[in-house]
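One chain, subunit A, appears in both complexes that follow, with subunit B as partner in the first and subunit C in the second.
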Partner chain A sequence: MSVRISGFIREAYVVSLRDLRRFWQNIYWLAGQVAMNIADLVIFGLIFRGLVNPQLIPDYIRFITPGVLCLSIFISAFTIGREVGVELRREVTHYLVSLPISRSALVAGRILGGVLRGFIYQSGFIILAVLIMGSPTTEKWVLTITASTLLAATMSSLSITVSTVTRDFNLQAAIRSLVYFMFFFVSNVFYPEKALQARLGSAAPIAYYSPVSMTVSIYRYCFGYLQSVDLFFNLTGLTAWCLISILLAYRLYIRNLTR
Partner chain B sequence: MGSLRTLLVIALWDLMKLKNQKVFIAMRFAWFTIQILVFARAVSYIVSQVVLQYTGGVEYYYFYILGVYTTLLYSTSIARGYMIADEFDDGIVEYHLSLPIRRNLLAVGRVLGSSISTIIFTIPMMLVVYYVLGVCNVVIVLVSLLSAFVFSMGIVSFVILIVFSMKSTDLTDIVVGAIDSLLVRLSTVFYPLPVIAATGIASYYVAAVLNPISHASDFLRILVFPEYHLIAPYGPVALILYITGFSMGLLILAIEYYEKRLEAGGWR
Partner chain C sequence: MGMKGKAIEIVGFTKKFGDFTAVDNLSLDIYENEIFGLLGPNGSGKTTTLLTIATVYKPTSGDIYVFGHSASREDYEVRKLVGIAFQEPKAMWIDKPIDLLNWHARVVGYSGDEAKRVVREVMELLGLWEHRNKYFYQLSGGTRKKVELAKVLIQKPRVAILDEPTAQVDVLSKHALWDVIKKLRDEGTTILIATNDMFEAERVCERIAIIYKGRLRALGTIEELKDSIPRGDVIEIQFDGLLPESLRSELEAYGRFELRSNALTIYVEKGEEKVIDIVDLLKGGGVRVKKIMVKEPSLDDVFTYLTGAKLREE
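Up next is the complex of A and B:
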């Protein structure tokens, strides 16, 4: 039994390393993304900060930093879907299913690949967040890493799911963008829940149940922007998102690999 | 074949592709609507009333959605350019070169076709924006469509030039992505020019002033809200002349490339 488990972990690890190698191949894309995210922080700091109502958000740069931290792991974990989509289109999937590894290890490896990409990409932004907001306590570091892992696994799985819905590359990109922007806009990354409440009224809770909002709330607590958050709700919610997304990705990815 | 008829035939090539993009348009429309009705409304809620002195009294929400519509025009034009890049990879360019059509007409036809496709693609989104703004003046709608078309021609020509220079869709993807992000950020799409000037960063200000996206969005703002003219550095005539000059200049360069670089696989 333990041999089977260690075999499974090793197989998943090998698959994730392949995804990681491909991640480094797009070094210019990576550099561009990092530059853009930092530019966003600078522009928000320089310009938008002065436009925001201080009674609603006293310091916008401290408000947005955990949001950017969340976006960084979200964006990079989501890139795995593009790879999976390209593989389906170019029928690299035939090669993947011919490998002497189990299908479940293959799926686990792809999701793990997305999570690792997320962590690598986010590490620079974590340093930036520490510089801007100070370092969290050890307990809060554990909480931050847990939230990052759950969100990265959720986004990695979701992007695999949406990329396997269709073989049409443009449609894949459109669905991925739609899902991406849904999470991006309907969340508390750029504005507090109060703004959503004021603008969306009874529809505001949609943002409250978003995995992105849950992660941002945890980050804001860990980096000291918020004094308290409902940790049980946010962690349970994130775990539920993660499990459902992994299950969906597993089902759809396997279906597309074998059909 | 008469030149006009040739142009029409080439432009139809691009328009025909729209038929297969209904789902894509629907999704883009959904995403744009969320951006307008959720993101823009929530962001404008947290912006203080101080911003009114920088927008000539125009509400930030209205200022913002016209900016977002301009970025949509820009990104859709870029996407049409990508399609041309895909054709290069798929070898369709050889087929086009074998047609009994002059190279300059081929270039103009592709740019026209892509720009018309962009306008058709973005019409549902434009209607949402004008509905939210309460615009029902036909002249304003027609002038804005015309300016959007001219702007789109410039961007499509620009992408074609990049595709020729990069000679690889992957590299084009990265370069255009980087230029895309920079151009949108260094423009007046999200912030009015006086706010950018107040940062004291001269290079940022100059980039925003020279940016064609700034000109296109500011032109639309003056068209819908004449009071915006009070804070814009240039009047509507100067803005539209700049956009026209930008587009015509890039179109001429694109024609030049089609005529001189395409033959004998020069694009590879």
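Up next is the complex of A and C:
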């Protein structure tokens, strides 16, 4: 049994190396994304700092920094799905499924590839967050990394799910944009939760139960912007998102791999 | 085949895609350490069969066994025994041969340094080393095919599946690749080649299965297949104009014939003796003969005789 598990881990790890290599090859895309995330921080931070009601957001830069930290891992982990989709259309998948690895390890490796992309991309923004907000305590670092892992696995799996839910490329692109947009804007990254509840009405639960919002709340707590947060709700919610997303990705990817 | 065991056993294998039957009730055995050819035109079911052996597809019915392991029930075990070079290279435009092959070496079990060494050896053998850092879209069709073959040479599987391995490869390189394929067999690998290149099949394969429209039409060594044409020689005649209907029944008296636009192929005994009579018959019917050839049957002739079709549409 232990040999089988170590074989599975090795196979998944080797699969993830391919996705990591490709991540660095998209160097212009990476540069563009980093510029965009830093622009989020600078533009939103500087413009809204004096405009927003200080009772809602006392310091917009300290408010937005954990949000951008969350976006960085979400965006980079989400890239894996686009490649999975292109590979399925061009039948590169035939090569992957012919390799001497188990199908489960293949799916796990692709998800892991997305997670590792997320961590690598986020590392620069973590340093930025520490510079702006100070370093969390050891316990809060553990909490930060846990939240990052759960969100990265969720986003990596969801992006694979979106790429495998339909073979219709146009529909797939539309679903991808919708999911991306929902997580990007309908969350507490840019707006405080009180404002979301007041202004979004019946759509407010979308932001409340978003894995992005849950992660941002944890980050804000860990980096000292919030004094307290419902850790049980946020961690349980993130874990549920993570497990459901992995299950969906596994089932749909496997369905597309085997004909 | 003496005491050789079965490397691949295909038993009543059928594969359907929706209503379309790609392969219909195929059964055949491939023995250890032989180079076996699947010969047939495009769309005959060759690639579907190969992809099912490689566990990319699942059989609709029947099964395929690789060294006793079922491709439908023990796919993981089968994949450990099989390596495949695809007909269309499976890579993204952004991939580079060196990265692709280094990663492939890691997947098939080499450690980091060992992988780099083996990859370099194989790339140098196939003349790929100078192309190692080019993007895939910058490579010629022949070079891409060599990258596919390199994957199999790195893996050294017990069963190597090569889908049209020398298509788009220049003539000089073809001969070198055939030598590489034979050397792989000499080192203990069973090789299954799909091709519609009759010359490649004659040059490389020891036994051949002819597949047409998803069904097995013939199976045997090249000599056995050639002997399966009941008459010994093939007369090919090219002519101008149309062949009068009245001549057809008279031609049938000499043997079975195939007519394709301005070319006539007749399967006869003692072709040298009968060719003069046949040409006289055509001239008497007002047909202007342009070119005459009497030859022993080729695999192409065997294929045409068995299916009424050509391997490569002209």
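We take it that the second predicted complex is superposed on the first by the 253 of 259 C-alpha atoms of A that agree within 3 Å, B and C clash if a C-alpha of one lies under 4 Å from a C-alpha of the other, contacts with A are read in each partner's own complex, and residues count from 1 in each chain.
Methods note: a residue touches a chain if its C-beta (ideal position, glycine included) is under 8 Å from a C-beta of that chain, and two chains touch if they have at least 3 such contacts.
In this text the structure is predicted, and so the values were computed from the model without any measurement.
Novice: Subunit A superposed: clash or fit between subunit B and subunit C?
Specialist: Partners fit side by side after overlay.
Novice: One more residue to check, A:Met182. First (subunit B), second (subunit C), both or neither?
Specialist: Touch status of A:Met182: first partner only.
Novice: Examine A:Met133 and indicate which partner it touches, taking first as subunit B and second as subunit C; both and neither are also allowed.
Specialist: Neither partner.
Novice: Touching A:Arg21, do we find subunit B (first), subunit C (second), both, or neither?
Specialist: A:Arg21 sits against subunit C, while subunit B stays out of touch.
Novice: Contact-wise, after the overlay, does A:Leu171 reach subunit B, subunit C, both or neither (first, second, both, neither)?
Specialist: The answer is first: A:Leu171 touches subunit B but not subunit C.
Novice: So, A:Trp29: does it touch subunit B (first), subunit C (second), both, or neither?
Specialist: Touch partner of A:Trp29: subunit B, not subunit C.
Novice: For the three-chain arrangement built by superposition, which of subunit B and subunit C touches the greater number of subunit A residues?
Specialist: B
Novice: State the minimum pairwise Cα distance, in Å, between subunit B and subunit C in the overlaid complexes.
Specialist: The answer is 9 Å, the least C-alpha separation in the overlay.
Novice: Please write out, lowest number first, the residues of subunit A touched by both subunit B and subunit C across the two complexes.
Specialist: Common interface on subunit A, subunit B vs subunit C: 26.
Novice: Could you please specify the touching residues of subunit A with respect to subunit B in the complex?
Specialist: 26, 28-29, 32, 36, 39-40, 43, 46-48, 50-54, 56-57, 170-171, 174-175, 177-178, 181-182, 184-186, 190-192, 195-196, 198-200
Novice: Can you list the residues on subunit C that touch subunit A in the complex?
Specialist: So the residues of subunit C touching subunit A come out as 17, 51, 54-58, 75-76, 79-80, 82, 84, 86, 88, 90-92, 94, 99, 103-104, 106-109.
Novice: Subunit C touches which residues of subunit A in the complex?
Specialist: Touching subunit C: residues 11, 14-15, 17-18, 21-22, 25-26, 83, 86-87, 90-92, 94-95, 97-103, 258-259 of subunit A.
Novice: Note which residues of subunit B are touching subunit A in the complex, please.
Specialist: 21, 23-24, 27-28, 30-31, 34-35, 38-39, 41-43, 45-51, 60, 174, 177-178, 181, 185, 190-191, 195-196, 198-199, 201
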